[in-house]
Amino acid sequence: MTSLTLYLLLAALIFAAGLALAVTRRNAILVLAGVELMLNAANLNFLAFWRFGQHPEALIGFLFVMFSIAIAAAEAAIGLALILAVFRQSHTINIDQIEQLKG
Amino acid sequence: MNLSFLIPAIILLVGAAAANTLRNLVHCVLALTLAFAGFALLYFGLGAEFLGLVQLLVYVGAVAILIAFTVLLTGGGTAGEQTVLSPRWLQGFLLAGAMFLLLGYGISKSRFTAHAATSVRSYPVSLIGDALITSYALPLEMLGVLLTVATIGGVVLAIREPRQASQSVKVDQ
Amino acid sequence: MLGGGILKGLAVTARNVVEGFVSKERLTTVQYPEERVPQVEATRDFPFLVFDGEDPMAGLRCVACQICEKECPPKCIYIDKSSDKKPDATGKPQFYPARFDIDISVCMSCQICVEVCPFEAIKMDVEFELSTNDRFGGLLYDKHKLAKSNEYYNHVHPTEAAAVDTKLAVERAKAAARAAAATQPKPAAVSPAPESGAQA
Amino acid sequence: MSSIQIADQIFVLLKHWLVGRVPVSLQPVVGILITVIPIICVFPALFAITTILERKGLGRIQNRYGPNRTGPFGILQPLADGVKALTKEDIIPANADKVVHFFAPVVLVMLVFLAYAVLPMGRNMAAVDLDCGVLFFFAIGSGTEVAVFMAGWSSRNKYALLGAMRAIAQMISYEIPLILSAVAAIMIAGTLNLQQIVTQQAGYSGIFPHWYVFTPWGFAAFLLFIISATAESNRSPFDLPEGESEIIAGYYIEYSGFKFALFFLGEYLGMFSISAIAITLFLGGWAAPFSFLTWVPSWLWFFAKLVTMILCFIWVRGTLPRLRQDQLMNFAWKFMLPMALVVLTSAACWRYTEGWQRWAISFLVVIIPYSWLGHGMMSNRKLEQRKYRFAE
């Protein structure tokens, strides 16, 4: 078992944890948090492949993670603003109760 | 397996597990913050100091706080959410476990050739800067545009419509 | 220019600091136990009993008339009238307070007792460092503690005490003259003398 | 090695000598301990000195004496305060979230101390010579927001929560101009390493040093940095999060005894570290202010500058009244942020021009938007005699 495999397994575990968080919780904020956790796990994969890859000096995985973090920040800001807007509209953020669009 | 992997990994797993099992929303957010910090430590261990610090700055300093703010603004700071063991939890954890088993199976079956696994050398920041404004200039600019749009979008979404109350006051006068 | 006001404010505070070290007038704080502000003459806090002569108990002007006890708004004065009479400073037999207590933890320094006293027996003190470990007994003053000499009164409130002294001297001279007049024509009234003294 | 050099490097030499005494296997651990323990001792001591200095200084500003009863001239006051804080009962509110309530001050102090790892306190005197030291400092500094949030939320007190919300909003808002004005210096220095930023400012022309604060963009960036640093460390006039008169010490409100002392310590240590960063970025770090004073040891210069900065903070605290929340936010987003971007432009102009033009251009690039913005901010402030509707 190499270090790379260890990192990948850890990332897989965190990804699964993020998935569990996103699936089990009914609170929209925690669903978003689970998505963030999964994103981070993916970042960890990129970074591990960069580190143990053939050309770390090309910085490909590194820069990918950097852009990913920036995009995740934007995503979190927009997502939370959306949650706030929804909360103001329907006074709940339980995703089971937000069903106005149900036909 | 060395300490630079083990300690962050434990922090990370504890944080993720706590975020999954704790009932109080704010506790979940704090556990999530711990997990984010664990990621930053892992990045340090991987020799990506710069990214680890960016992770701290963005996730711990901004995203976690943002999530906490939203929790408080939506009134979730006081009440526990639901019981830990419900059918939905069971389903969710079964799904996640299946996901992990699938990924783990894939990883264990793959043949990776790990290079430079032992010598962890951090790259100078100037190298990153050079790469960002030469070969990655376009993504960087697009990212700037994206962040600007996101800022404006966030403001537009979260801003309150001006209240009607001020008009009625004027009528009174 | 934006920020000019901040610079002006900084200059003011800097001047405060520097001048505080240069001139003593800048620092208005009085370093209390070492330095004291001189008390003005009209200072008053709690009442005391004036006595004439050497012996505090013998010379108390108080005749235990209990007016102050009745007038005291917070009811902090407690007087037991004596059953016998003793000669006062002028030699006349008078009642005297067997017990005269003031609870100065209750006293509100209103000076009403002083104003109602017909005998100039109770006056306001200037002593303010009265802190004690015993909050009940330590602040309940009996007549031994309350008795202070006329000289002390003259010392703390010179003008007021001088006026009181001259008034008392005139009254006593009148009383003496009346007493002298009364001794010659035998049947004249002895009783009006204390009354006139009381009304004066 | 001359005696001047020995005096300059005395702590470094001492550390090497001490580390050389112990067995080789223990050397890394001992080396770390010898680096960390002085930091943990010196800066809290400086905190103790600062509290008495602040109280006496504020007193003098307000024409008072300040504390002068404990020991000669009151210099034992910090000791008395410390004993009082340590012996006080530690009260935890019944409704508080006990775990989070306990960890909030711990996290705060830990993060604040962590920031000291990269500060160069003298030539070769940084605990860690990190390649991206400035980024490390700001990343760690942003973590303190979490501690503030924990303190405010776990107390279950509306004032604590209000104070924490205010503090976080303020810290996030002022972090942007703080980092942007630091970026101006980083851009000119061309490095994120704090030691190298100091060496970039090392030269002298005549007797005057090449510090960034003596350039037009550097001066503006320094002012922006200091204003943001004041807000970031929650000091007056930006002390809304703990406004005593309105929200009763904010997120500290439910803390007593030693935990309160920890918060207090954390706040002051944050101020010191951010002053140290300002010194490093703009005031030449441990370099001497005049070329003929270079014989004075570098660490002495660092601490002299640090104490000067602290005195300036005290001076400002004694002068300016507290802002209102809307004024605070308007100032951050409508003045500080645009000015930080302008300063960045000015620094870029400085970077790519030569001779006297660079002075003229970068000066104009700063001063024109400044007067413009200043005029805009002042124009809607009509200062006139206040009218009282009911009092007259």
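First chain written, first letter: the chains are A, B, C and D, and each begins at residue 1.
Operating definition for what follows: contacts are C-beta pairs under 8 Å (C-beta built on N, C-alpha and C of every residue); 3 or more make two chains touch, one makes a residue touch a chain.
Keep in mind it's a predicted model, so treat the numbers as computed, not measured.
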Third chains touching both subunit B and subunit A: none
B-D or C-D - the one linked by more C-beta pairs in contact: B-D
Farthest-lying chain, centroid of Cα atoms versus that of subunit A: C
Length of the line joining the C-alpha centres of subunit C and subunit D, rounded to whole Å: 59
Centre-to-centre distance between subunit C and subunit A (centres being mean Cα positions), rounded to whole Å: 83
Geometric centre distance via CA averages, subunit D-subunit B, whole Å: 28
Distance between the centres, which are taken as Cα means, of subunit D and subunit A, whole angstrom: 34
Contacts with two or more other chains, residues of subunit C listed in rising order: none
Residues within subunit D bordering two or more other chains: none
Residues of subunit B touching at least two other chains: 54, 62, 69
Category of the chain touch graph - line, ring, star, complete, other: line
Those chain pairs that satisfy the touch definition: A-B, B-D, C-D
Subunit C partner contacts - residues on subunit D that touch it in the complex: 57, 60-65, 315-316, 318-320, 370-371, 373-375, 377-378
Residues of subunit D that touch subunit B when the two form their complex: 97, 100, 130-132, 135-136, 138-140, 142-143, 145-146, 149-150, 153, 161, 165, 168, 172, 175, 190-192
Residues of subunit C touching subunit D in the complex: 1-3, 6, 9-10, 12-14, 16-17, 20-21, 26-29, 31
Subunit A - residues contacting subunit B, complex: 2-10, 12-21, 23-27, 29-30, 32-33, 36-37, 40, 43-44, 47-48, 50-54, 56-57, 59, 62-63, 65-67, 69-78, 80-85, 87-88, 93
Footprint of subunit A on subunit B - complex, ascending: 1, 5, 9, 12-13, 16-17, 19-20, 25, 28-29, 32, 35-36, 39, 42-43, 46-48, 51, 54-55, 58-59, 62-63, 66-67, 69-71, 73-74, 76, 81-82, 88-89, 91-93, 95-97, 99-100, 103-104, 107-108, 112, 114-117, 120, 123, 127-128, 131-132, 136, 139, 143, 146-147, 150-151, 153-155, 157-158, 160
